[in-house]
Each structure stands twice: as C-alpha cells, then as structure tokens.
C-alpha cells in the first residue's frame, strides 16, 4: 500500500521532471529539474529496499554533482545554442524548438516500445514471482561484507580511479594565464604577418 | 539493525509533506496579510543606492569550481568507506581485524595522496592558486 | 514501524482497540494508516516545537549578545521580552514581499523551500528519546548527512535567483563553504561508525548508555579531538559566526538573502535556526550520550521518555548556548583563511583521527580509555 | 503490486529523456546533464533486477559503482568544459572541431 503510493509519487515526479527538463530552454532550470529526477530515483530505490543506495544517490548527486553542474553553468554563461553544422536539419522549422523535443521523445518512445516488443521473451524469461512480504533486510552491512570480500579489488581500484579523476580534473581546471599556442586561431596569425609586410 | 518494513520510511515522506505545507501556509498567510504596492525603485536589486549596472549573472572565478571538484571526489570516497566502516567492529570481534584494517588504511592512503597532491600544487589555497600554478 | 514513535503508541491499549475496530469496519488492515496519522501528528508537534525553539533562538541570541555586551536587549514585549519571537513573526508576515524585477522567478520562489526542505526532513531521524524517534532507519546518520546537503543547493539558488551582485557572491561563497565543510563532518561521523559498528542512531546511542565516561567523546583521545572538529565544522555548515562569510554584513550587504523580504526571509532564518538545533542534536547523539540518563528510571513509560527528552534537550541547549557565545566573541574569518582551515587543518586532522580510531579498535579490542585505565585486566587482548 | 516492468518503464523514460537531451542540445553542459540521466537509468535497472531476479545485492554494488563513476565523470567532464570555455569562449558542441579533418564548408 505505502510502497505503491511511494512508487506512484516518485515516478510521477520523475516523468514530470523529465518532460520539463526537455522542455525548458533555461539551463539553470533544467539542472533544477534534474534535481527532481534524482530525488525521484532515490524514492524508487527506497521502494526496492535499497536504502543505502538511495541515501548515496541523494548525497553524491544532490550534494555534489548538481552543485558542480550549477557552478559549471554559472562559469560558462548557460546559453542555449542553435545548431551550426547540421544545415539541412537546421532548415526544418521544427529543429531546435520544443516541438523537436516532443517529436524526438515520441519517436524514441515508439522505438523503445518496438524494441521491448521484439525482445519480450527475454523479459518473460527473467520474470520471477515477487515475494509478498513488505520486509527487507538491512543492506549496509551486507554491502560492506561484499565490498571487502567479493568486490574488494573493485573497491580498492575505485579509490585509484577517483585519485586519477581528482588529479586529472584539477590539472585541467586549474586557472592558467597562458593560452596554449597550438590553440591560437591560425588566420589571426596570418593577419598579423600581413600587416607587418605592409 | 533488524529487518525493517518499508513503512519505516513513512516519517520521511511525512516530513517532506510538512515542509511543503509549512512553506505553502506561510506564503498564503503572508499573501493575505501583507500589503502589495508594486512600483517605484524598490524592485531593483540593492546596490547601496546606486542604480545597478548590468546583470549579476556574469562569469566568476574558476576556483569555486576547483573547490567543488575536490569536494565531490572526497565525498564519493567517504560514501564508499561507510559500509566498510559499519562492519569494522563486527569483523574485529570475529578476529579479522587486521585484514579489514589493511583494506581500510589502503583506501584512506589513496585519499591522503589526493589531498597531498592538491596541497602541493596549490589547489587548496584560495588566493595564491593562480600565481603558484603559473610558476609550476 | 517497530522502534519508532508510532510503534510505541500503537502498543497502547486504546489505539490497538481503535486499530482492531477500524480494520473490522473498513475491511483492511489499518495499522499503516493509523501509524501514518500518528506520524503526521507528531511530525506537526516536532516541527512546531523546533520552530518555537528556533524562534526562541533568535530571542536568546539577542538576549545573550546583550548580556555579553553589557546591554539589556529586548525587554518590551512580555516579561523580559520573552514574546519577542511572536512580535518578530507578525512583523515578518505583514511585510510586503518584494521580488527584484530582473530576478528568476521560479528559482527565487524555490530557494527558501529547498533550504527549509533539507532541514525539516532531517528532523525525521533525530532521536529525541528512547521511543520518541520518528524513524530509526538502518542508515540513519547517513540519511541525515545526505538530506541536509540540499540546504547548500537552496543557498546557492537563493544567491543566484536574486540577480543581485551581493546575493550572487554570498550564494557562491555559501555553497563553496557548505560543501567544503561537509568533508570533515563526514569523516568525524565515520569515526563514530567505526566505533559503534552500525550507522543507525539507535545503535550508536545504545552503546553510550550509562555514566558520562561511556560517552564516545571520552572513548579515546582521537574521538575527543574529533568532537571539536565536528563542532567547528557544523558551525561552518550552518553559516554561523565566525564562519558567517555568506551573510557577512560588513562586506556583502546581507549575503544570499539580500533581496529576500518578508516571510521568505523569515523562512530562510527559520531554517537556519532549526538547523543549528538539529546539528547540535546530532552532535549530542553521536558524542555526548544522546538521551541517556546515567541510570534506568521509568524506562519505556511516557514520563521516562519525557525525562530522556529533557536530558537530550538540556545537552543540546548547552551546545546552542556555546554556539551563540562563540558568535559574539570571535571575529569573522577571511575567506581564504576559511578554506585553508577546512582543507589544510580540519580534513587532515579528521583523516588522522579516523586512522587512529581504526588502529585503536584493532589494538585494544574496542575498549575505551577508561576501561584500560581502571580495570587493568581487560587490555590483555591486544592486537588480533 | 508493482512489477518489474514498471521499473523498466521508468528506466526507459529516463534513458530516452537523456538520449533526447544529448542529441538535441548544443550546450556541452546540457549534454552532460543528459548523460547523468542515462547513467541513472542504468543504475535503476541494476537495482530493480537485483530485487526481482536475483536474491543477492550485486545490483546494489553495481549501482554504487555507477554513482561513483558518474561523479568522477561529471568532475572531469565539467573541468574539460570549463577549460574549453576559457579557450574558445563558447560551449557550443560544434566548436569542438579542432581535431577534425577539414571537410567542405
């Protein structure tokens, strides 16, 4: 009963936020709707009995990734761009508007349902009778046991991965004064040269 | 820690409803009670009496991003450490203390390497990060 | 629903009678429904209580600051000015609600809500007493840590949406400060998790029952240092002085809520004051023994629970007083000092504490300092 | 009672939304938002399958590592975006064509 209500409200939040996220032109609003999606997914994890994963979702995504995204949007101006290279598609009146998103979504949905229809025997093969009990076991300790026994290599390697990500991203994002020489526009150099000759 | 039913999460939903309710009721009461006299210069952003020039939504320094970056890596590492930390005591009582200590410390040592790198390269400084990174 | 406030009240005779009768009448098991109603009622009670405490926080802040500066402070409304919070509330509500013309309307409305949401959701896991806890989740401490990180998003959005330069600067600083100081807080909590062997509040508090030397703050030297790191980091996470950089009135006019007037400013302030109480409550639960009395007295009955609640409340109020005292005693930090304090002092010391506690656990089999000092026989099992 | 298909449907919605955002937006940050949605869809599938078809918690472990990878990916990706913005003063995805062979324009 309660899990049904939780599932319904969380999925409503997810679907509404998804639609709004595609709809809006404002990147800042899009990021806030992403927040709604992430909280909804955390709610779905709760209905699946994955309390630790749900809390992790809220902690890492809401506390970290969304704030990082907001910082990055602030840093880069947060403009919404039109297509430059796709000339033929750009000529279509619908390209780049909210109708595009609608049509794209509808097409992709149809495509997805067709895929599900063709591969439905896989789903029926995997379907398992659901346990009717509303109880779930505590997951944190079991996750800890799995992390130090079966998945201990992945656990340790993930720390190395994160170290690599930290070092790499810090090197890339570190404020620098110089522009790399090879990234200077070529025609700009030509112009200076030409002026010297004259 | 025992088996819990899903109803254990009910209070969280209740508190979410209450937060929304508190916000809605407060706004509603204020809407009824408070005066509304728009116009004048009071809906300009406050800049100590000057008329504001331009929008505030401009680009700012990248060091806020670097702080967020270091934070998110440490955040994720601490999240991964939580399940291991929660069974530390149990494993110690089972006599596997040294094994889990080695796993735990090797994970933390990588964390320490990260903070040492950022410290050395000046990413943890707020003011000098620009100068020092140009020197490097 | 066991172990929570609804389970506790459902074990009473009249409510069981109500459950049986309504189940027979409605044709399905109404335990969950009645439980939901109990949760709702007590949610309102706890929220109202904490809002009142937050309101009294503003009053206490003005009184204590007046005391520290040899003034009188508010003394007009009621005895000793005690009804000042009602006057403040009426003033907040009856002020005109102004929004800057160039603001982002949606985010401007959303920001105080997110700030309030993060704080109010944390109340659900605060253990007020043995039975007066709304949800004793298996991931209790971690949940509190996770959901309170929404406050940072609210503060950032409050600064961004106003489209004012002061607000933006305050919001950026606020977000950077809150996320930075979350790291020492997380590491200090993990230290307690290593000691307690579980991350639910019930488990952590039950291990600190009894006399004050069973509290985790006195467990070993590392936790003693850890408590102060936790306290300092919590000051910074709630934007309290000396870490009130986001709302530094002498450099940024009022920080992220410069453009907020009337009730929305009031909601920001309310969220901030409730958050101080909540984080102090978490500090009490993790380090200072929580709601436990030194002796068993009427445990499980309603008077016993109220007594435990009083214990919790007094401990939290002592910390609350210290928070206010610190605000009116120390000057504000500079922003670069703020960041270097977090990343160069608190975080390395917290990691050092975590390593120390882990080694202590293995070396002394989890015995506390006082066990080792006063009962000489118990430290035989060193280093398994 | 909720079946596995309900979760798969939500996961499908998430995935398709992410795909549409990735394909239709031209701002690199928006594309990264879409990638986050796709990763969430995958993690949701893992957890749902681990409840309904397997009796163990391997799906939870996988979801945990997906969240870890997503955080690392967001950190590095946004760092690249910011550096790109410092160089090009734009975050249009079509500007990122320095390494492309010159085609007819």
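By letter and in written order, the chains are A, B, C and D; residue numbering begins at 1 in each of them.
Throughout what follows, a residue touches a chain if its C-beta (ideal position, glycine included) is under 8 Å from a C-beta of that chain, and two chains touch if they have at least 3 such contacts.
Just so you know, these numbers come straight off a predicted model, no measurement behind them.
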Any chain that touches chain D and chain A: B
Far-end chain from chain C, centres as C-alpha averages: D
Pair exhibiting more inter-chain C-beta contacts, B-D or A-C: A-C
Most centrally placed chain - per-chain CA mean versus overall CA mean: B
Rounded Å distance between chain B and chain D, as computed from the means of their C-alpha atoms: 21
Inter-chain centre distance, chain A versus chain C - centres from mean C-alpha coordinates, in Å: 31
Rounded Å distance, chain B centre to chain C centre (Cα mean): 15
Distance from the mean Cα position of chain D to that of chain C, given in whole angstrom: 34
Residues of chain D whose C-beta touches two or more other chains: 64, 67-68, 71-72, 74-75, 78-79, 82, 86
Where chain C touches two or more other chains at once, by residue number: 32, 36, 137-138, 142-143, 160, 172, 175, 179, 182, 198-199
Two or more partner chains touched - positions in chain A: 2-3, 47, 49, 51-52, 56, 59-60, 63-65, 67-68, 71-72, 74-78, 138-141, 143, 147, 158, 162, 165-166, 169-170, 173, 176
Chain-chain contacts as defined at top: A-B, A-C, A-D, B-C, B-D
In the complex, chain C residues that touch chain B: 1-2, 4, 6, 32, 35-36, 39-40, 43-44, 47, 93-103, 112-113, 116-117, 120-121, 123-124, 134-138, 142-143, 160, 162-168, 172, 175-176, 179-180, 182-183, 186-187, 190, 193-200, 203, 253, 258-259, 262-264, 266-267, 335-336, 338-340, 343-344, 347-348, 351, 354-355, 358-359, 361-362, 365-366, 383-384
List of chain A residues in touch with chain D within their complex: 3-4, 7, 11, 14-15, 18-19, 21-22, 27, 30-31, 34, 37-38, 41, 44-45, 47-50, 52-53, 56-57, 60-61, 64-65, 68-69, 71-73, 75-85, 96, 100-101, 104-105, 108-109, 112, 116, 123, 126-128, 130, 132, 139, 142-143, 146-147, 151, 154, 158, 161-162, 165-166, 168-170, 172-173, 176, 179-180, 183
Sites on chain A touched by chain B in the complex: 2-3, 6, 46-47, 49, 51-52, 56, 59-60, 63-65, 67-68, 71-72, 74-78, 134-138, 140-141, 143-145, 147-148, 152, 155-156, 158-160, 162-163, 165-167, 169-170, 173-178
Chain B residues within the chain C interface of the complex: 1-2, 4-5, 7-12, 14-20, 22-23, 26-27, 29-31, 33-37, 42-48, 52, 55-57, 60, 64, 67-68, 70-71, 74-75, 78, 81-82, 85-90, 92-93, 95, 97-98, 101, 104-105, 108, 111-112, 115, 118-119, 124-127
Sites on chain B touched by chain A in the complex: 1-7, 9-10, 13, 57, 59-66, 68-73, 75-77, 79-80, 82-87, 90-91, 99-100, 103, 106-107, 110-111, 113-114, 117-118, 121, 123, 129-130, 133-134
